[in-house]
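What follows is a set of structures for review.
Both complexes shown next keep chain A, but they swap its partner, so chain B is in the first and chain C is in the second.
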Partner chain A sequence: MKIAVLLKRVPDLVEDLVVDASGKALDADEVKLTLNEFDDHALEEALLLKESVGASVAAIALEGEDVDKMLFTALAKGADQAIKVTGVAPVERNLQLARVFAKVVEEGGYDLLLTGVQATDDRDGQVGAMVAALLERPFVSVVTSVLPEGEGVKILKEYAGGVMAEFEVSLPSVLGIQAARQAPRYAPVSKVRQVQQDSTLETVDCGAAEGMPGMSVVVMTPPERGEGAQMLDSVEEVIEVLASKGVI
Partner chain B sequence: MTQDILVVAEHLKGSFEDTTFELLAVARKVAAQTGGRIVVALIGGEPSMCSELGAAGKVVNVTGEAVVNFNPESHGAALDAVFEAVKPRMTMVGYTSMGMDLASTLAVKKEIPHAAFCVEVDVSGTINAVSQLYGGKMNVTSDLGEGPCIVSMLPGTASPDDGRVSGNPPVEQIEVPETDGKVRFSRLIEAESGDVDITAKEVLVAVGRGIGGKDDIEVAEELAEALDAAVAGSRPLIDAGWLPKSRQVGKSGLKVAPKVYIALGISGAPEHLEGMKSSGTIIAINTDKNAPIFAVAHYGLNEDLFDVCEELTEAINER
Partner chain C sequence: MNPEYRVTASRPREKRQAYVEKEDVVIEGIDISGTWNRMYEPREIFDYDTTQMDRLTALEGAESMGWCYQCAQCVPACPVDNAGGDYGPRKVFRRLQLGMDLFDHSDLWLCTTCMNCLRVCPKEVDMIKIMPAARAAAVLDGKVPGELQEMFQKVAEYGNPMGESARKRVRWTKGLDVDIRILPKEKEASPVEVLWFVGDFYAYHQRGIDAAQAMARVFSRLGVDFGILGVDERCDGDSQRLAGEPGLFEELAQHNIEQFAKYDFQKIVVSGPHAYNAIKNEYPALGGTYDVEHYTQFLAARLDEVTAKLKGTFEKKVTFHDPCYLGRHNGEYEAPRQVLAAVPGVEMIEMYRCRQQGYCCGGGGGGMWLDGTAADRQVERLSENRVKEAVEVGAEVLAVCCPYEVSRFEDAVKSTNNEGRLEVLDIIEILDQCMESA
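== the complex of A and B ==
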């Protein structure tokens, strides 16, 4: 089985987010990017599949700041191949990214594409779903387990309230991973450094993505708080609230 | 293109999910502005369910063996067929597990814009949709033009009661189109029941990523014990294996509404808020003063959760 994992970087929400002068986008100078946590789960699930059935795993990402380190980390965790996509104009929409991924993936001949179920900046929908539609492959999202089954895979999809559905999915297909069967593994810095010395990233040059149905940003603002929370100053005040609600 | 608003109904085991009525509530507001008709796509389901769809001017019921249970492939083909029959100006889908399998793929196939994470739609001019991005830290308004377009609405953004109207809308039945059968439904698996039913507790102490590590959950457990409460958690903690699935609050977990919900180190991503915002009193403790949780909490404390937990536990035990 030949697996590709699509990785995307998103703003780190631990940092404060600032809107730029245009009022329509985040201030790029203030944003710290980090791997989309769901993509990390997708990579983990791919590595678990590799360990159980001997699949090959390729990690694919668009070039950018710190992307080399992210891809070397994927190799250190056990991916067989890391591909950096270059030559693409700045991507503002997931649909652009999906078109790029679809092109790279189609040429690579992968059986199974895994990517995070969503990212916090998915304004125009999820990358995985779009790649699937562009390649006309089946797609299932909110997946929490992928196991080999016959010629395809057996997956679990999560609904609300913890109810799950089991499906069998033929290959080639695309899955949006909600959570891997185990927490994503950690690659020690020393190992990432070692990999960085011993291996190279492959690069694929990809042209611009065409065909975007119009969807411009009108404005970006932090949400209005409305009344919001009444801020307390001390633990004593929390005690008073709990007492007033009759729970202590 | 017609002026119709197509609402994709969602149901499981013969009952509509609240999302369906929330979408209808938003659709009614839009319809009042545009004069468009509301058409519901009921894919699978029983004809008797249509009596709950009084808000609709018409129901298109897709029937057939392939759509008895939700199947991303068959439901996708079914929605495509309904879309072609109705030619709606706007298609509304829940930003849910089922909706996420349908909306983005339909948008690509039809080459029309799609806004996800939506909390608001405005059609007074061109179609504008507000998406709640970056874990609820930014609202982004997109201009989707005149339509056709798709909006995926976050659950919990409208009151389902405003969309729940009984009636007998005209129903058109169509047969589900044939597919290649690449996705095959096997079975439903019920939620694991845990040692504690967090939906039945009067007080919940919920922990989020701010807790740091698995061993740190102990401080929350001590506080919960003092309050005769249970410990619940947000998704990252459950995914990390720090708490069992039965303790998860939010989109893919449980919906809770205790008398008091204490949120410790929970930032308040939309997926979490969906599961707890109906709680009687929400007390949020977080060092990030910009955390979205403070927008829905009734009370907030901008302090380190470990200090607060210890002090609280001690004070309560002394009472």
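== the complex of A and C ==
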């Protein structure tokens, strides 16, 4: 089985998110990027699958800030191949991205594509579904477990209210991963450094993405701050406040 | 724990090596007949499979585990065993004989590298080197407790174990009525006498921030020319090294050394013993050699100036907790005591286990981030054991000078129902209070 995983870097929520002067986007100078959490889970699930059936795993990402280190880290965790897609930027629509990845996935002959269920920056969860549509492959999202089953895979999908469903999915296919079966593993720094010395990243030049009609951000605003809460220490205070509001 | 490894259980009689008492034995013409000649027969020790011991002692740094001769001096010295942990270097050796895979066993994560066992070990079995080597092998193999892994990830990503924004490392300076030179913010930083390595807990933890602000005020009142690395400072890395991530330690150390190289300073003063140990003993091998002092050493060396500023009094019974990495690891027992003794009104009381025999708070060697792992094995936290001792000797204040300790001991005061009976303060907070109340 040949598995590919898409990795995306997104703004790290540890930093305050600042809207830039245009009022339509985050201030790039204030943003620190980190691996999309759901993609980290997709990679973990791929590595677990590799460990159980001996599959190969390729980590794929668009070029950009700190992407090399992210890809080397994926190799240190156990991925067999790391592919950096170049020449595509700027990407304005997910469909552009999906076309690029569909091409890479098809040419690479991957049986199974795993993506995070969504990226925390656009919250669209579209790329996996679009790649599946472009390649005419089955797609299941909000997946929490992928296990080998015959010629395909057996997966768990989570519905609202925690209802779980088991699916059998034939290959080739595309899955959106909500959570891996275990917390994403840690790659020790010495291992990442070793991989950086011993391995190389493969580069695929996909050429500039075609322009797309579609939507554009009109205005972006940071969350509005509430008035805050008053902490009450005793029952008497609670009664007093309720009485003053005319509730009792 | 697997009962198979329980050291106290004796081997079944049928499995013991039967000794042979020969009625008549003559060796080199000397008659040694008698019950004691059994010593010439193979003893039980040769029965054991040495696979697990060999795996461990093959690691660089872990060789001395094989030197143990089971004298058991280390067990009563071990703070983990004292806290009901059924653990100690001798027990680790014995369990290895009985087939324990240390790389996949909770014994690997209990040692706080406090060094009290090495102090008493006649064979110099060095857990300070054994444990980091064994842990590094386990971490490389992906066998790391989740709570510790989370800390490694945060430090690797953000440069501090809290997972806080690196940019917010100077947030503690806000609203402080002291001018602090944040060296990277100066266009061409002029020489500074003291480069103060603030550290993660002083920069981010609320109780650490209290101490950091106190330190800034004390330095300012003493007229110390000091500066900080601000957002360019990162975790010193020592606890990460001891917890099994030497690569991360090197990355952090190299970063800090690069930052130090940018400025002209006379000495580094650190807030904590772990940074002190790292910068003094580990950074030189990576190319960074400095004149470094713990803040209590820096203040003890100018005690007259400090005393002159101490206008208020601190009328309390105070006991001092020796940090393992200032005391046993680096031999400094007096500086913190000299500074405390200089505070008017302080009545010093020593705990039973102090100085060379000081008890560990449980935070070292990665222990700060292994609370859940340790809780599964110990009857109580080490910090709780220590707080009870402080109360027992009649102290009203437990004075500390390691940034890990304030929060650890404050939690332990609460969990042992000693709230209102014992206050935990960083020594710098006591000094600051007495200078403030002038």
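Criterion: the second predicted complex is superposed on the first by the 217 of 248 C-alpha atoms of A that agree within 3 Å, B and C clash if a C-alpha of one lies under 4 Å from a C-alpha of the other, contacts with A are read in each partner's own complex, and residues count from 1 in each chain.
One rule holds in what follows: a contact is a pair of C-beta atoms (placed from the backbone, for glycine too) under 8 Å apart; a residue touches a chain by one contact, two chains touch by 3 or more.
Owing to the predicted nature of the structure, the values given are computational and were not obtained by experimental measurement.
Novice: Return first, second, both or neither, reflecting whether A:242 touches chain B, chain C, both chains, or no partner chain.
Specialist: first
Novice: Looking at A:183, would you say it contacts chain B, chain C, both, or neither? Reply first, second, both or neither.
Specialist: Both partners, chain B and chain C.
Novice: Could you say whether A:5 touches chain B, chain C, both of them, or neither, answering first, second, both or neither?
Specialist: neither
Novice: For A:34, is the partner it touches chain B (first), chain C (second), both, or none of the two (neither)?
Specialist: A:34 contacts chain C only, not chain B.
Novice: May I ask you to decide whether A:139 touches chain B, chain C, both, or neither, giving the answer as first, second, both or neither?
Specialist: It touches chain B, and chain C stays clear.
Novice: In the overlay, answer first, second, both or neither for which of chain B and chain C A:46 touches.
Specialist: neither
Novice: Which chain, chain B or chain C, is in touch with more residues of chain A?
Specialist: On the superposition, B touches more of the residues of chain A.
Novice: State whether A:215 touches chain B only (first), chain C only (second), both chains, or neither.
Specialist: So A:215 only meets chain B here.
Novice: Which chain A residues are contacted by chain C in one complex and by chain B in the other?
Specialist: 14, 16, 183
Novice: Please output the residues of chain B touching chain A within their complex, sorted ascending.
Specialist: 12, 17, 69-73, 96-98, 100-101, 103-109, 111-117, 128, 131-145, 152, 155, 180-192, 202-203, 227, 235-236, 238-241, 245-246, 248, 251-255, 259-260, 267, 269, 280-285, 288, 290, 292, 294-303, 308, 311-312, 315-316, 319
Novice: Applying the document's contact rule, which stretches of chain C touch chain A when the two form their complex?
Specialist: Interface residues on the chain C side: 136, 139-140, 142, 144, 146, 149, 152-153, 156-158, 163-165, 167, 245-248, 250-251.
Novice: Which of the residues in chain A end up touching chain C in this complex?
Specialist: The contact residues of chain A facing chain C are 14-16, 32, 34, 183, 185-186, 188-193.
Novice: Can you name the residues of chain A that touch chain B in the complex?
Specialist: 11, 13-14, 16-17, 19, 26, 37, 41, 95, 98, 117-118, 120-126, 129-130, 132-134, 138-142, 154, 156-170, 173, 176, 178-180, 182-183, 211, 213-223, 225-226, 228-239, 241-242, 245-248
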